[in-house]
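Here subunit A shows up in two complexes: once beside subunit B, once beside subunit C.
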Partner chain A sequence: MTQRTLELTVDGVKVSVPEGATLLDACRKAGKDVPTFCWAANLTPANVCRICVVELGGARTLVPACSRKAEAGQVVQTDSPRVHLSRKLVLELLGSSVDMSLSRDFQALSKRYGARPERFGNKAARAEAGARDAAHAGHHHPGDGAQAATVGQPVKVDNALFVRDYEKCMLCYKCVEACGTDAQNTFAIAVAGRGFEARISTEHDVALDDSACVFCGNCIGVCPTGALMFASEHELRAQGRWDESKQTVTDTVCAYCGVGCVLSLTVQDNEIVRVTSPSDSSVTGGHLCVKGRFGYGFVKGG
Partner chain B sequence: MEETDLIVLWGSNARETHPIFFHHVLKAIHRGAKVYVVDPRRTATAEWADGWLPVHVGADIALANAVAATILEEGLANREFIRRATSGFEEWEAYTRSHTPEKVASITGVEPSLVRRLARDYARADRAMICWTLGITEHHNGVDNVLGLINLALVTGHVGRWGSGLNPLRGQNNVQGGGDMGALPNKLPGFEDVESAAARAKWEALWGRPIPPKQGLHLTGMFEAMAHGQLRALYVLGENPAQSEADKTRTIKLLAGLDHLVVQDIVRTKTAELAHVVLPASVSFCESEGTVTSSERRVQRVRKALAPPGQARDDIDITCELSKRLGYDMGMPAPKQAWDELRRASPLHGGMSYERLEALGGIQWPCPDETSEGQRFLHARLWKEPVEGRRAPFHVVHDEPPVEALDRDYPLRLTTGRRLDSFNTGVLSRGYESPRRLGETVDLSPHDAGALGVQEGEKVRVVSRRGAVVAPVRVDPGLRRGLVFMTFHFPDEVDTNQLTIDAADPRSGTAEFKAAAVRVERLEAPQR
Partner chain C sequence: MDVRPTAPPPTEDERRAVDAALGPPDAEGPVTASEARARRTHLLPALRAVQERLGFVSEGALGYVCARLGLPPAEGYGVASFYALLALGERPRAFAHVCDDVACRAAGAERLCADVEKSLGPAFSAPHRADPGQPHPKTAARWARSPCLGLCEQAPAALVTVAGAAPVEQAFGGATVDKVRRALGGEPVEPLPCTLGGAGPRRLLARAGVVDATSLDDYRRRGGYEALRRALEVGPEAVLREVTDAKLVGRGGAAFPTGRKWDAVAKAPVRPHYVVCNADESEPGTFKDRVLLELDPFSLVEAMTLAGFAVGAEQGYLYLRGEYPLARRRLENALAKARARGLLGGDVMGRGVRFELELRVGAGAYICGEETALFNSIEGFRGEPRSKPPFPVQAGLFGKPTAINNVETLVATLDIVREGAAAYASVGTAGSPGTKLFCVSGAVQAPGVYEVPFGTSLGALLALCGGVKGRLRAILLGGAAGTFVGPEALDLPLSFEGARAAGATLGSGVVLVLDDSVDLRDQLRRLAAFFRDESCGQCVPCRVGTVRQEELLARLARGAPSGSVKEELQLLRELGQAMRDASICGLGQTASSAVESAVKLGVFEGKP
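Entry: the complex of A and B
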């Protein structure tokens, strides 16, 4: 089947992309670095983070490159002053309210765009455990400008496999999509609440074990900020022993059933500390089951 | 899979046992594909189905014949395909045609209109796939079960085309690869026949040693031979038969009675505890180099990410060291050298260099040379004009009930299987803490739990003609009256295989794990 191609201009460079491609595809084809947080190759674009916005000739507003379909003859600017300003503001809003310390992309982009989240004031104190989950729409009142409101709250540690540190959650929806129709189809989690009270929640905010969760960890696999983290990594970080300079990543095949899922084993000090799967694997699409992702304890002698 | 229009999952709870395969099924469902699930239990898989056919345990042949009879009767057979590409149709049709869903309903337990709906949708689909797992093969007539499903693919022509075919889902990460490498009693690497002089001559020339000209024994055949004192020494690699075989008491007796038992494994299994010699091996998927073959015939590389502990050694090193001491020095080849040797003679693997396996993300055999990228599906030859090679044969298959009939003393049907977060005898899966793990339970239908007067969590005794175990009750609304489900994941606590029957299919050697007769007893008399 031959596919029609479209021609458009990105930063003055003509590129052609197949019909159905997004502006992000076109920008990358033109060699332009368009940043993303909520986009992933193996997920449907949620287009919520707005870091990928570009200027499209003739459009009133900036458009999200990750989900806007390319059309013939479009003129796209990826680095105009408007794009610059908008990305800077997105970074500042995120940086003022969310703990983005584990996102290397965020650090690099903040530098590139000169983001100053501190201009919104010092971060407000953490909420008590459960307080944000109990909040209803309308609870949030605009502050006095002296303090920046945050999503700060204690880490949720309620199972042996992974932790949920929602202080680091930027609401990119990736975990929701991986739990939903894009991969796992378990629908254990969704975004609950509105506005600043929006958060990731199980049905009726029940504990993870009482929810539909099957602990596949596909949510962790897609999390860009470290809000969802392997218990093994969380413990090592808490002990100050997490050391990426001592880690190797090796691709192999899962030891359980016959599907042949590719596993990427992160190893530190001769111990497996994290298991993921490459998103371009035709077998897994980057997703695993609970055994493949967490069931490696037998290697150490079960 | 993702581009097919209809999927029949027959005797497969893929949602739990092949979760990432099921992701592909889900993609097909979201594209609009219909799904039928044939399973005695209403499983997590069945919850995704357009139609669930609650077949009685062991009635798969009756049901497959009823589906076929509907296709024949309603004029839905693909006569053109049958004429061109198959053999034995007339005889098969003559036998099968009368086995209508209505006539066999008392055997299958399935509402005839549902059988007809499956038959029509399957036959009329543009592309359709039948997938199965151990619900088909773990029966004393498992081979006939498979042939029954093959008949359905042949009568409709749903084979050998993109999106259409027959798809057995392998349960272990390299059970396919073991077969590919000739770890079968009757095959050489690449599935060449041991009893073919020409095939043997080719491999003998490569290896410089004669190959025994007669096929060996499969697993259940070996236990038979042990029972008759004909097999006195056993070398077990990476398997735990002391806990995985049916009729555990008999198995242990036979293993313990051997003159010499060698076990090569990564952990001290119950089988290793019976051994005279234990050879500690490295963990193949992360402590050594090599390849495995998945269910879709995809050969992929496994790689060393960790150093093995203590004195554990790679399987290949142990094999070569043993061979040397037995008088045949193979040297100490690296895994890649052994693989390249295989590639020189196996018709399936010639083009699969390590470099190409890496570059292509694995290759699906056959891949005879380096111009081939492997094959996404098999049997396309049946659609060539004229058909290439042998025509695909229909097989008349006769319905046969499970070996152990239900009776007054053992009125319930026990069937066994896996759960999502555990695996086989638990040797691998007990090494991690799963929040979803329930431990072993005796799953009863709400009706039977009520009739016995037992509550969820109450311990009961399950008794078969071979043994008894005690475990807590779990009431599963997905079970129909008369059906009991257990796993064999926790044999140290609840040894389910004391209950199962060692009746096996003589052709495949696979035991009837899916059908034992049991009764369930309360531990204490009911309080009045």
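Entry: the complex of A and C
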């Protein structure tokens, strides 16, 4: 059966995409660089970061390229003044409230769009441990506006394998999707709370050990901001010893079972510091289990 | 699915509360995935039942609810923590919600809050510090501030809930410390009667205040069920034609043509179809739907049955905001009586038509008035709006074609079907035929719900309310998501086209009158706080944008701009543009609308 194709116009260029394609597919086919944070090839579009918005002829508002289906005859602009302004503001809003320092995409985009998060003032001091988890929907402490509220809080370290640094969480929903129906079907975490106090949480914020978490680490694999991180990487960074210039990445096949998952081992100073899997791997789709992700101690004869 | 229960086992009280909502547990055995999918819709009713019985949603109760529904506890927690009326930490069983929103603020809510604080102690505010793993500690607070309770014509208002085996929930205006204390003690506090007025034919308010709201017989004596009888005689196509010809558009705020909506659902090949009534009236300053539901509840039951017949739906859901306890009691009574008399069920009016109607009660979330968020709330998910398209007429409740309408819209169809489209359009304007309910509150002699023909001028409406008290400073039209207009706008014709031409909106019919004794900058900061509190938190422009907007307005309100006022206003404009353009839903898209309109009135010129 031949697939029907649709023709639409992106920045004045006609492109054809198969039926069912998104505007993001069409924009990429037209060679346009439409940025994304919350989108990933191996996850359902969450459609929440809004950095991918484009201007669609006839639409009242901008539309998210990542999830909007392409239709024949659409006229799309990827770099109009409205698109530029919204993307700049999205970057500024993120930059002023979240620690985006580990996102290279964020740094590059901030330059491209001239984002200045400091326009919203100096960042407020980070919250004490547990305070954001205690928030009650619909209630917040009204401040005097002198400082910009942030999601700042101490790192959650409650297990030996990975840490959760929610100061870096931009709430892209990717970890929830990977933990749920898009990969693991474990449902250990969900979005809790509401509004600016919305957060990723286990039930009642219990420690991961006490939750349904199976430590597959697939949430780490999809996190775009470094909020979820191998404990090994977190420690090296804390000691100031994390050095990407000294790292190599080696692809291999997991030795534990017969599935044959592709592992990408990041090695620094002859130590494995991170294990991932390519998101385009036909075997894993980027997802692993606890053994492949964390069970590498034996490599050093441990 | 790997559901690992970690909560403590439920106490007897917790188990009873949950079982009362969900029915007795079946024979032991794990809930299958398909059963869990079907059961999820009972999540919010179960959580509400626990809240009503215990006064909070305890860990044990939430764990038991999740076990009964086959729901991962993290997801149950994600939903429970979404709603403002559900407390996750233990608190006193008697609890007061005191409104400090725009209309109540203009009526001295801050004084009331100060008095309540003196009498009851500090208001609830989320704790600054908690033990990780124990995020919601016990609180001794007996009251909290609340967003608009929809009692603006009798401001200031309060909602008092007393949890227990026989819970008591009371919402009342003319609130005083004494009334709040009495309600906390479980004593009845009568709400004040709402002034009903208008000019021209009374259609929507024909029965309100006259009919016995609890009597089906009285409703029928006064013309009730004539519209449904006629609909059943002429058939669904004729009903759709009348509603389309009457040019009826939605009264909830978005003004979408009702005929087109119904027609699309009726023609949708996917089955089943649903009709949903959006009675989550939460737009600050809005109370017309509450008045209709309290005073003429059977009319909505009839109208939803008629809508179901027209679009081919056999099941309807009526989603009522959680802050309307009297409307809830009246609707429960109306549904029971309609069912008992064969006006709902498998054979409506003996004509072989099937229609069931279920009441769902919200739990404190303005965003659930957004239609797709409302669907998610009914389905047992967080009240997060969905990306559109697909639109509700294609994929709405449970992913099926759904006609979702506001209370006033539905009630208006009764008159259209009974009298015909031409008679309906005998008043109003060419672009906006018929009559409209306006919620007039603030500085007028007689605040209340007024029914006037479209095209009536703003000044004429205010004259019907006995005129403005004091010197008119500004009028908030359409609600928090609406626009401020100045005294020069009194000639504005109240029609959709008239409002549009003036760059304003009728929204949900809010006309909130502010005199020059009101601090407009403080009101704007409160509006901004409202949007921050009510944002679902999904998308960046709204989640963070509403915070930045509130911070900016807080700076301007205390006369401490960062840089110059001009720079702040430029930043506000950019913020507003991005929220309008890039937010997922109407909440973010309109969060800056009233604020930006107030800037044009010169609110930030001169000293605060």
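Here is the rule we use: the second predicted complex is superposed on the first by the 299 of 302 C-alpha atoms of A that agree within 3 Å, B and C clash if a C-alpha of one lies under 4 Å from a C-alpha of the other, contacts with A are read in each partner's own complex, and residues count from 1 in each chain.
Just so we're on the same page, a contact is a pair of C-beta atoms (placed from the backbone, for glycine too) under 8 Å apart; a residue touches a chain by one contact, two chains touch by 3 or more.
Quick caveat: nothing in here was measured; it's all calculated off a predicted structure.
K.L.:
Sticking to the clash and touch definitions up top, decide whether subunit B and subunit C on subunit A clash or fit.
P.N.:
On the superposed model, which is not a single observed complex, subunit B and subunit C fit side by side.
K.L.:
With subunit A at the apex, figure out the C-alpha centre angle toward subunit B and subunit C and round it to a multiple of 10 degrees.
P.N.:
An angle of 110 degrees, rounded.
K.L.:
Is A:261 touching anything from subunit B or subunit C once the two structures are fitted on A? First, second, both or neither.
P.N.:
first
K.L.:
Return first, second, both or neither, reflecting whether A:290 touches subunit B, subunit C, both chains, or no partner chain.
P.N.:
A:290 sits against subunit B, while subunit C stays out of touch.
K.L.:
State whether A:74 touches subunit B only (first), subunit C only (second), both chains, or neither.
P.N.:
So A:74 meets neither subunit B nor subunit C here.
K.L.:
Looking at subunit A, which partner touches more of its residues: subunit C or subunit B?
P.N.:
C
K.L.:
Counting only touches as set out at the top, which of subunit B and subunit C does A:185 meet: first, second, both, neither?
P.N.:
Both: A:185 reaches subunit B and subunit C.
K.L.:
For A:137, is the partner it touches subunit B (first), subunit C (second), both, or none of the two (neither)?
P.N.:
second
K.L.:
Quick check for you: in the superposed arrangement, does A:214 touch first (subunit B), second (subunit C), both or neither?
P.N.:
both
K.L.:
Considering only touches as defined above, state whether A:53 meets subunit B (first), subunit C (second), both or neither.
P.N.:
Second partner only, subunit C.
K.L.:
To be precise, I mean the smallest distance between any C-alpha of subunit B and any C-alpha of subunit C in the superposed model; what is it in Å?
P.N.:
6
K.L.:
Identify the overlap between the subunit B-contacting and the subunit C-contacting residues of subunit A.
P.N.:
The answer is residues 185, 214 of subunit A.
K.L.:
Along subunit A, where are the residues that touch subunit C in the complex?
P.N.:
Going through subunit A, the ones touching subunit C are 47-51, 53, 61-62, 64, 67-69, 82, 85-86, 88-90, 93-94, 96-97, 119-121, 128-131, 133-149, 156, 158, 170-171, 185-198, 201-207, 210-212, 214.
K.L.:
Mind pulling up the subunit A residues that touch subunit B in the complex?
P.N.:
Those in contact with subunit B are residues 159-161, 181, 183-185, 208-209, 214-216, 248, 250-263, 265, 267, 270-272, 280-285, 287-292, 294-302.
K.L.:
Which of the residues in subunit B come into contact with subunit A in the complex?
P.N.:
Contact set of subunit B toward subunit A: 17-21, 23, 26, 30, 169-176, 266-267, 283-287, 292-296, 298, 300-307, 309, 361-362, 420-423, 427-436.
K.L.:
Sort out for me which residues of subunit C touch subunit A in the complex.
P.N.:
Against subunit A, the touching part of subunit C is residues 1-4, 6-7, 59, 62-63, 66, 72-78, 81-84, 86-89, 124-137, 144-145, 147, 364-365, 382, 387, 389, 525, 529, 532-541, 543-548, 550-555, 558, 560, 562, 571, 574-575, 577-578, 580-584, 589.
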